[in-house]
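Labels run A, B, C and D following the written order; every chain starts at residue 1.
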Amino acid sequence: MSTLIFPGDELKIDGDKPTCLGPGLYYDPVTQEIEPTNAGVEVVSETKRGRTAYVEFNSKRYIPAVGDYVIGVIVGQFSDSYKVSLSSFSSSVTLSYMAFPNASKKNKPTLKIGDLVYARVCAAEKELEAEIECVDSTTGKDAGFGVLEGGMVAEISPAFARCMLFDQKFPFLKMLSSFTQFEVAIGVNGKIWLKCDELRNTLACYRSMLECQKIPVARYRETIKRHFKNIVDAAADK
Amino acid sequence: MMATLGLLTNVDGSSQFEWQDTKVLCSVTGPIEPKARQELPTRLALEVVVRPARGVPNTREKLIEDRLRGVLTPLIVCEKYPRQLCQITCQILEAGENESEFAVKELSCCVNAAFLALLDAQVALHSFCASVSLAVLKESHELVVSPTDEQLRVSLSTHTLALELVAGAKSVQSVLLLDSNGDFSEDDLFKVLQLGEQSCLELAQFLRKTIAEKIKNELVRTELIES
Amino acid sequence: MADTEPDSLEIHPITFPPQVLARIEPELSLQRHLSLGIRPCLRKFEEFREVHVDQGSLSRYSSSSVATSNNILGSNVLKCGSTFVITSITGGIIEETVPLRSEDIGEEELMDLTKQRDEVGKYATVFPLVEVERGRVGAPTDEEMTLSQRLHDCILHAGIIPKTALDVKCGVRITGKDGDVKIVYPDEQADDVTVSHLQQQKKWSYVLYAKVVVFSRTGPVFDLCWNSLIYALKDTKLPRAFIDERATDFKMTVRTRGRSATIRETYDVKCDPEAWIPLNLVESKIGYASSFGIIDLDPEAQLNDDEDENMELPSSLLLADIDTEAEETCIRSTISVIGDSSGNFSSVLLVGGGAKITLDAIRNALSLSKKRSADLSSKLARA
Amino acid sequence: MKVQDRRRILGPSNAKPIEFGADRAAASKAVKSSDEPEQLVLRTGVIENCNGSSLVEVNGGGRQVSLLSSVYGPRALRGSFTAMAAISIQLQNGSQEKYDSSLLREAASFLSNIFEAVVNRSRYPKSGIDIFVYLTYDLEQASRTNIAAIIPHCITAVTLALADAGIEIVDLAGGGFHGGNVFSFIKNGEEITGFWKDEGVGDDVAGSLEECKRSYLRYKGLMVDCLMQKQVMKE
């Protein structure tokens, strides 16, 4: 049973237990109270270690949080870092030259302005510019991050991206794979990078993705099928 | 009375609010990177723009912007987004009143539309908000909520009220704005506050229903997956 | 790094002179003052600043004026604290669009009837231009724009200036046979044929402009601007207007590409340099402005002097007449009132950005504003 | 047709400003003899939100003038490095709107030239000193408008405001007006810092120089009195 919660409503958690606050909740330093700040579904989960609470909501604008997988565009280059844009008009984030596998002072990455990178947010303080990294900083190894070459980026709602990335049962990618082979990178900032062997398959995937974020899961298969069929037909007409 | 959320696709949040013959479309973009002169080191900067139903914006719209900013600033958790900017643009589609004399209905609809658009953009807010316009009629001394253009013309005083609501939008936290003009007494003012409170609470329940509907629509997908 | 020698850590309290603390921590400085029962400007919580007014010294009708080319119809200089506001009223004349004399009298009556019911439509306003001097040049700031607009709206909605007060009762300048010039006014000589003839054809009204210049701004200035504007309007005298006898029925034929059309030349309305009529304001609707702020007291910022425990402070305070930068920035809940001493209000603006505005606070502010209004309206009597 | 000003409330566009007919009584008003020296009232520190300010009121000689001068600065200048302070002077019409903006600009640039020589500009590199002179009222008996006559008072006002702001100046500057000519001096009249002459009037330059020097010395004495009084009050 999900309860909807709005800003100004009372939160049904008491302060006896250490609570970890997620998005949509704000601890007011003056009144020392936890208040919901967004309209959405209240989610409180109790675990052995403590309690977590957040408000589940959809927003179009992505705000960086530590640990998020994101896709960014290099928009600037400094002496020791890149400037990366995660979403249009938002403040840009920093990607240090040292945040790459095997980086050293001499071994600098060779990214250009306009390149796409898959990265992870490693620092996100609201007062400071957020930082991202292209390396697993705990192991120092390449963890699948780095520049994304070829393919295509689709801008979708962050909520849809989260479903694809975190929900193992989410059927979209599985369905897609029954039509074509593809490489995919999912950024929770609402960007999905996709690359197939053939351009027309990429295009079909792209179109399916844009449409599927607006329709119920039950209609996914027919939609994907239709898009692939259209592409094939269009190619045949030529 | 009609409220719609999310009808603009290229902004982070949008809404259209219509009450009687006044109609306002509002868009919200943010938090985004501000221009250097707008940036506030510890808070979210607000850029409030109001555009009239016809003609170009002038000092009249500046005054509406100033009032609107006064209502929205305490509502938004500005401390959560330091050095960021939020653009709030209200386009009045239909004024519903004589623009050279009044701005009460436009202002109250702008407040409601901007609040809904902020909710739609999921900018962090402290509490719920609702706004109504009222007028005291000349002959009958009757207090009416959301007066018509004709009622405004024969009114003794006009009032715009915006309230901050909490606890399920069932109780009033504070008065965010009361802009009263005309000829009125202390008693009139308290009557305005009393009736205004009642109609703000009613309006808030309507707004909650509208938003809840929208959220439920969005959540259908996620629920399906969970089940 | 710093943890190597925790024992040697020394903490020095930083002390600042009051002025410095007020600049870097206005909130703390204000709270400390308030906890002592006084405001940073050394006023009491509900104390207003003294106001000094100087009526009409810039006006052309001022007794000490030597100038002949002065076009200021009324003026006021208002000094409040270190801020002073100079307001001057100038005028213009506009030709009213009189509907053509229609055959259907009933329709006209109906129009008159609807006009009478239209409450706001009965009143005129002034067109203010507020300038707040801050050592910058350029386009008006947002503050100046909102101040101007609010003055404009409040004058209109308060119903201080009836439209009829601005009607021009136009006279005619007649040059006699012997060459002497005299101006005849309709109300002085109603039987004059020329004048009454003219009255039917054209209608003019005065338009009032106000220039409000604020010097030495130390806090919010709307109430000062409003009061100064009201004083200036009370001082305003409208010059009598006349047109030359020859211009009363002046027709001119313009030939354009063979066609000829008769147009009536616009009248050249001039004003009498000497004669004037007072601007008739609706005295009963004149109110004066006052401003208030509500601030929550921060218990942590209070100085805990044990000997001063006898003073019990409430959790939130109502401060009258907001001034100084600290008060302006820290007090985000404000009440601005325009009203007279007997409890008729023409404008109330509550902005609740900070502390909660309680009904008691509103009541308190309204009753203080009545006292203030009585004080301000007595200024002119004394002057 | 000009673009509509959206930042000001202008009122109806077809309204005409009030135009006064010829003053019948003007001729009968006795012109006071302009020989007697005018009365000056000088004040400093009248405006709070600036660094220095002054008020100059003049009455006499068929003229009433009130000037408010405020000094903002030295404040940081944006942009490239400058070795000396940049001085800008703005003359503003009061509610009378008496002078043309081009005339005001001309007079302001004349004043700027004077004060560029008077202020110790090398003391304030990378700074700007903005000076505003507001003509609260300027009433004269004659209907012609002559801005030159009020320039000496502007000089007095700006000098006092600079002194009030604590900005280093070489000497108290002052000036005089005579027969259409304006001279401005420092150092007891030994140095001329500015000379304004209108076409066709005041051809007796040498005579004007002496007259102006006399007024300068008088104004300077008054300025010194005013500043000393302020100092005494502080102590």
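Following the convention adopted for this analysis, a contact is a pair of C-beta atoms (placed from the backbone, for glycine too) under 8 Å apart; a residue touches a chain by one contact, two chains touch by 3 or more.
Every value quoted in this text rests on a predicted model; they were computed, and no experiment measured them.
Both chain A and chain B are touched by no common chain.
Looking at C-D alongside B-D, one finds more C-beta pairs in contact between the chains of C-D. With every chain reduced to the mean of its CA atoms, the largest distance from chain A is reached by D.
In this assembly, the C-alpha centroid of chain C lies 29 Å from the C-alpha centroid of chain D. Centre-to-centre, using mean CA coordinates, chain B is 50 Å away from chain D.
In terms of their C-alpha centroids, the spacing between chain A and chain D amounts to 65 Å. Chain C has its Cα centroid 55 Å from the Cα centroid of chain A. Each of the following residues of chain C touches two or more other chains: 145, 148-149, 152.
Looking at chain A, one finds that none of its residues touch two or more other chains. Multi-chain contact residues of chain D, defined as those touching 2 or more other chains: 7-9. In terms of inter-chain touching, the protein chains here follow a pattern that is not a line, ring, star or complete graph. Under the touch rule stated earlier, the contacting chain pairs are A-B, B-C, B-D, C-D. Contact residues of chain C toward chain B in the complex are 117-121, 142, 145-146, 148-150, 152-154, 156-159, 285, 332, 343-354, 356-357, 359, 362-363, 366. Within the complex formed with chain B, the chain A residues making contact are 2, 4, 6-10, 24, 26, 28, 35, 37-41, 56-61, 63, 89-92, 126-127, 159, 163, 167, 169-170, 216-218. The touching residues of chain B, when paired with chain C in their complex, are 59-60, 62-63, 65-66, 70, 73-74, 101-103, 138, 153-158, 164, 173-186, 189-190, 193. Chain D contributes residues 7-12, 14-26, 29, 46-50, 53, 62-64, 68, 70, 72, 90, 94-96, 98, 130, 132, 134, 136-137, 139-141, 143, 145 to its touches with chain C in the complex.
Chain D contributes residues 4, 6-9 to its touches with chain B in the complex.
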